[in-house]
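Here's the structure, in structure tokens; my notes come after.
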Amino acid sequence: MNAQNFRLCEKLVSPAYVKQAEEARKSHETKIRILLEQRKWPEEGWEDGVIELMLDELALMDSNNFPGNCGVGEREARVVSKLVQQRHYRLGHGIGRSGDIAAIQPKAAGSSVLMKLTNSMVLDLLKITGVPNVKACFLVPMATGMSLVLCMLTLRQSRPKARYVIWPRIDQKSCFKSILTAGYEPVVIENKQVGDELQTDVEAIEQKINELGAENILCVLTTTSCFAPRIPDRLEEVAKLCSKYSVGHIVNNAYGVQSTKCMHLIHQASRVGRLDAFVQSTDKNLLVPVGGAIIAGFDITFIETVSKTYPGRASASPSIDVFITLLSLGQHGYKRLLAERKQLYKNMQEQLRKCAEKHGERLLDISHNPISMAISLKCETPVSNVTELGSMLFTRYVSGTRVVNCTETKEIGGHKFIGFGSHANSYPCAYLTAAAAIGVTQTDIDLFIKRLDKVMGKWKAPNVRNKVDTVSDDMD
Amino acid sequence: MNAQNFRLCEKLVSPAYVKQAEEARKSHETKIRILLEQRKWPEEGWEDGVIELMLDELALMDSNNFPGNCGVGEREARVVSKLVQQRHYRLGHGIGRSGDIAAIQPKAAGSSVLMKLTNSMVLDLLKITGVPNVKACFLVPMATGMSLVLCMLTLRQSRPKARYVIWPRIDQKSCFKSILTAGYEPVVIENKQVGDELQTDVEAIEQKINELGAENILCVLTTTSCFAPRIPDRLEEVAKLCSKYSVGHIVNNAYGVQSTKCMHLIHQASRVGRLDAFVQSTDKNLLVPVGGAIIAGFDITFIETVSKTYPGRASASPSIDVFITLLSLGQHGYKRLLAERKQLYKNMQEQLRKCAEKHGERLLDISHNPISMAISLKCETPVSNVTELGSMLFTRYVSGTRVVNCTETKEIGGHKFIGFGSHANSYPCAYLTAAAAIGVTQTDIDLFIKRLDKVMGKWKAPNVRNKVDTVSDDMD
Amino acid sequence: MNAQNFRLCEKLVSPAYVKQAEEARKSHETKIRILLEQRKWPEEGWEDGVIELMLDELALMDSNNFPGNCGVGEREARVVSKLVQQRHYRLGHGIGRSGDIAAIQPKAAGSSVLMKLTNSMVLDLLKITGVPNVKACFLVPMATGMSLVLCMLTLRQSRPKARYVIWPRIDQKSCFKSILTAGYEPVVIENKQVGDELQTDVEAIEQKINELGAENILCVLTTTSCFAPRIPDRLEEVAKLCSKYSVGHIVNNAYGVQSTKCMHLIHQASRVGRLDAFVQSTDKNLLVPVGGAIIAGFDITFIETVSKTYPGRASASPSIDVFITLLSLGQHGYKRLLAERKQLYKNMQEQLRKCAEKHGERLLDISHNPISMAISLKCETPVSNVTELGSMLFTRYVSGTRVVNCTETKEIGGHKFIGFGSHANSYPCAYLTAAAAIGVTQTDIDLFIKRLDKVMGKWKAPNVRNKVDTVSDDMD
Amino acid sequence: MNAQNFRLCEKLVSPAYVKQAEEARKSHETKIRILLEQRKWPEEGWEDGVIELMLDELALMDSNNFPGNCGVGEREARVVSKLVQQRHYRLGHGIGRSGDIAAIQPKAAGSSVLMKLTNSMVLDLLKITGVPNVKACFLVPMATGMSLVLCMLTLRQSRPKARYVIWPRIDQKSCFKSILTAGYEPVVIENKQVGDELQTDVEAIEQKINELGAENILCVLTTTSCFAPRIPDRLEEVAKLCSKYSVGHIVNNAYGVQSTKCMHLIHQASRVGRLDAFVQSTDKNLLVPVGGAIIAGFDITFIETVSKTYPGRASASPSIDVFITLLSLGQHGYKRLLAERKQLYKNMQEQLRKCAEKHGERLLDISHNPISMAISLKCETPVSNVTELGSMLFTRYVSGTRVVNCTETKEIGGHKFIGFGSHANSYPCAYLTAAAAIGVTQTDIDLFIKRLDKVMGKWKAPNVRNKVDTVSDDMD
């Protein structure tokens, strides 16, 4: 509705009412203008109606929605199913261009604007959540692991001789596999146990760099967010090493955006040392469906190079989800979610402590992990029984816990891991982890504790052992 | 509605009507049962209502939609925006698992079923369209180029010494960049001009293999679908070479599924020689939004290895789109689209020939390219004017044509291409290409010819030269 | 996207692409402007994307979508379910105002514009389909029957003494009941049989007017579209009578908009005599869900009085459906549907004739009914068996046929009808009707004939008699 | 997904996960079963996913969604626009049958089940909110006013001699017009002022009955929910009179379902006297878009007669909205909304009192109106200025207040009302009303008070007078 159309409306309904509507419309237009002008994440969330209007507008800027457009290319964003058309708001051209996933797509000005705005708001998000000096980022429609691959493949261009990636152990498959997929040999650095916590062995890293030769090392691949009893890596010290030896440094910040601690570590590391890129998942941090990752860094040129390393045009779907979600929440909405999470983390910890103690176990003391926590599972009984506990919870609709018996051995890509799942060769006890991640509710926690309490009772009673089906507890 | 519920309905409405509805329901259930049982692409398309019902059902099989589920993990498919929730049919868990994009996701049985069925129907699609002996495939939510990267990264595992990829020249950036991204050195094989056509120089490939040493070569990367005047590579002969020298062979079949010729080439190549994988785009062949590719091959183990090379869980969105589209069209609907395309290809060729001749140009004789065609642009006038023609068409809402002046030089990743865009160092004339790709309509073609006719007239009149803005004609 | 916002977009994507998009946008804006300016039904259909954009825009003009609106009334269009919100495009205020269903709603300028435009386009529809002199109309979210009640209640105001409604018999319940509901005594005029057809007995009407006294008669209630063997009433002659005796005249044109003949009758009647209002269903003529009727007439004041007779605000849902459908089809799309229907009517007639003759029956000669047709069912066998035929078709998924045995007696509101369903006391034979109504497809007809053929065979074989459940054939 | 299909899924994904999903599915199925079995409003709300699944299931029970259905009738629920189809969940047949809006529709078993369940849950709603002895009700897709017409037209059948409707004055147009539309002469009973409140003059009613003769009176039409300073009618006493004189009694309970007081009045009246029907709006009480009303009563036969008085099939849209909303909220959700409203009513009253006193006005003492409240507007200044205040609020996005100057005279349908808007000929002061209706939020109230405070300041300052556009304050 432009001014002219509002004037025409006045012939249909009273001018006073139309003016009122026009004022209201202007206030929506202003929001849109400010977004386009400043490309900042709005403080206040937008109404769904305005978000959908904007998506409709953007769609009309794409050539497939031009009136009288005739397409005689091989790729014209023709979508045959109306169901599919509608769920993508008639945006069909994806994002990027053959040579660069962050480039403008000539056939799709609207999709391109959406992509640019999303990346720009995401940059704001990273700044606000704790990395104020971040310089560039882009959303890529790939898993965190595959995004790490992309970062390593980009680093390769400037480190052609490198063969190794140094990796402080974190027992999560996709992270480890990303090294293999990128074509490098992972060099595992075992964690140090300090109290209940597993911490980065910085000295071992430095020793390894010296042993292998810095020029043979592509990068150190560190991790922030992780399952207890592991805690985030000592990023600052690793960054200093990487700077000292001119070795790349990539951070897997999977679900760390939701935690001030993780973000702060990245910020500090970037100030005192080298940190080429940090990668985070959109679904884990932004409450959207699985599908995207954010690749960010402090050197615009490097991040641009990463984006140019993705060959081809890509799905706009994760960008659309993030675009909608960021606008819908606004900064305020997101900050409220962060504050709630923090609160619930404490609550879960307290309840878990009590429940553990009731059953003769204890909450492990892992104060440096801001999201994940663990309780001991003393194992007078055979190993298999520990996994039973996981199955019992699973069949009672508790999802997301991990039961780790610390004795499993697993081979991944030719590498043998002892105590797989526990981030250590010999963690002293079996345990169960749970996380207070963004979006968790008080109801979730209360139900979890209630069911855990019941299940612990049954599980500790010897007669019910071995009666439940075993279900894998590895649900990445 | 199960039988019990239908019985209860009979207390609300007459049993005769309920029975009728139950019969109808059964017929839908039968469709669903047959799909689950045989995992084949249905002959007849399904009604949107049944497709949405099935998606709703699958969503309810995912843990995030379990009643009373409590999630205490870091990834629980919590989706905060209802708009986002709805556009994904409440499927939030993505597909795959940390180690394997084609693996079952324990938290998401429904999404997993959807992924398996989609991959299974896609396999059917490939068989039906001309590669009956294809053994395995999977849909990956990445661009074709990035999917080629994944294939090369997988091949690397068995060819650790390799440094080169032999590449019969095709002037399309993402394909070339995929080699660089994968970390290999591209070895460009120039095409041979035969009449107007540009064909694979098979002899030059063999010579290059000998020169570089087979063990140093990862693979030959061939192309089927491409812009005229290039024609699909001579896959059979290349496949024989790859077999003879034990060199990998990957085919970029970007939009070749829609062409019997391209598919037949793949089929034949697989029978007489080596062909490790062929990759095709979902949007270009299946009329869905940009976002996915299908990686397929003849050796189940190899294709499984590729799927295991993708680290992390990925977006289900492209799978959902393909699932909906395949069910909506059915084999019959798709075959009808293929038949129409074939017909329209001839029609476009005929109209283009006439239009060219009217303006003193000619349709190039490129009978071996089943999708793309070209007309000459005699260039008594300076080079810049050729691109003008592209701009003139672009501003008249003709999308997808390419105007190539054959004199452009471009550097990509350190490699210099003379005559970039024309697949050759010195193609004798400038030209304009257009494609009759799946989904094109008679109206598209008629409009195109009408506008081309007008524009050619203006363009040939010397006085209008140099007056239009130049717009890039490279719109991959 | 206003001009300012497009300029801002140019900082995000190349100006050339934005200009292209802006041009395209303008062409959409122009469509919207022309619609607002001329309020005419567009010749060409609109794309769904533009329709949804317009609905989104209109919704933002309603107070419930104003940013910062605070509602402290008893009716603020608060919609608690997001599902409901979305399916109504966030339009919640309905249409009209306490005193007038066609009035502007101050809280809802957008809904009001939508209502006005819809009514305006519907007026165009009536003009185009054959009543060029129609002066006013409005869409009311009620059934045709209830809309007839509203017309009669309005007429009452100027004819306070009237007690009777003269009604040429048409055996369709809701029409008859509308008279009772309005509080009048129906005076049934039996039809005359002429050949196979049942026609209006105009003489009997005049006689009745004289007998009862014109001032005691509210109106004659005639019918156009109806089931064969009845044909549309002789509107011209009835209109002349109504004019002569100053008696009201209301026409039930239920599904007559789709037929030039029915519309022509109305046009002619309005020119030569009196016709106060004619009422038609939206679902039957415009392929929308059941729910609305159009009340139209030749005297603006009278039609306005009808609209003011509806007390209260009403559902906008049928208006939204019609708005979308009219814009989506455009005049061209609708005319194409009309032309197809006409063609298919002939086709069905021909196939039905052949099928009837094959089984020893005949197509009744009812050339004046433009939509419905009938074949004889000779009944050597007992009456009950005729309805069996209907059931047999019903269970074979043939919907919409009517089997009439001409011997049923039914009492409705105290009035006894002999031969109910056949529009006559003693139609000479049982018969089956079918209709070629708008939206019917060749497939529908082919399936129908195929199944009818089978069923007739079975039904005529004496041994299968009495074996099927009886299902009502009256499915209004 | 039936058991067989779940078994087939087990061949695609691990049986343990499928079993989990099947268990979850069963729990949804159980909900559906219980709903069909008991037809009661569920205590707990349903997830959107389950609601949509059920709607999809119901749609598949309608003939237009039968596979292979061929329709050869005049009304086959063919919906041409996919947008329209989808927003109605592919339900197209509406509700009811030619003779009865609450009857089963043979072509639409699913829509019929939906209609029956909705009516059944609505009955529960009425019981729970305060009328436990209600016997029957149905949802009609018409405004409250038009529904009152329907009730009166039904009553007429048993009171053929009646000409009058006795109506305790309530200055709301549609209610008054409903009497005129039904064809009766309204007999206005002026209210008695008691303190600030306007109450029913029961004695005047009895006197009028005696004066006009009971057999000449169709009914007394009373009102519960209304704008202050009027309070709900004294239903008990009126009901006793109606019983004593055998006169009909219909109650306009427009937005009374949300108030225990209003519902209690109805309950009590039904126990001690006569109350034929009470009518309430769906949008005002159930937070759905405008469009439906609930007609309820204590005599099943009478309510059935009302439903049979609606001639024709009607829109299912309001039923779908209510179906979704009731299931989505559950009893608990709705009760929570009611509790919140009660709380906010007190809050608004308190804030309003303070704001009024600050500006030299007072909160009127109208303790018997449970929803609406009023503050005085002392009028040393001319009358026109009072309406200015309304305009000032309107342009500041405050919707729903009413400014009443008590001196307006209005003619409606030939009846002259002095002091229209104030329910009285000479209410002593001008005033402003506001309502704390269901769905109002604390934010709404805070914003309202803030803006009112500002506006009152400006309005009381003499220099700004007469500067704002006048906007109607009557926004029914």
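A, B, C and D are the chain letters, set down in written order, and residue numbers restart from 1 in every chain.
By definition in this document, contacts are C-beta pairs under 8 Å (C-beta built on N, C-alpha and C of every residue); 3 or more make two chains touch, one makes a residue touch a chain.
Since this is a predicted model, take the numbers as computed values, not measurements.
Listed candidates were B-D, A-C or A-B; the one reproducing the C-D interface, defined as more than half of contact pairs identical by residue number, is A-B.
Ranking every chain by how far its Cα centroid lies from the centroid of subunit B, the top place goes to D. Computed centre separation for the pair subunit A/subunit C is 55 angstrom, with centres defined by C-alpha atoms. Subunit A and subunit D have centres, each the mean of its CA atoms, that are 47 Å apart.
Averaged C-alpha coordinates give centres for subunit A and subunit B that are 29 Å from one another. Shown for subunit D are the residues that touch two or more other chains, namely 17, 20, 24, 48, 52, 63, 66, 68-69, 82, 86, 106, 397, 471. Of all the residues in subunit B, the ones that touch subunit C in their complex are 16-17, 20, 24, 82, 86, 394-395, 397, 469, 471. If you check the complex, the residues on subunit D that touch subunit B are 1-2, 4-5, 8-9, 12-14, 17-18, 20-21, 24-25, 27-29, 32-33, 36-37, 39, 47-50, 52-53, 56-57, 59-63, 65-69, 82, 85-86, 90, 104, 106, 109-110, 112-113, 116-117. In the complex of the two chains, the subunit C residues touching subunit D come out as 48, 51-52, 63, 66, 68-84, 87-88, 91-99, 105-107, 141-146, 148-150, 153, 156, 172-175, 177-178, 180-183, 225, 227, 254-255, 281, 283-284, 287-292, 308-318, 320-321, 324-325, 328-329, 337, 348, 371-372, 397-402, 412, 434-437, 439-440, 443-445, 447-448, 451, 471-472, 474-476.
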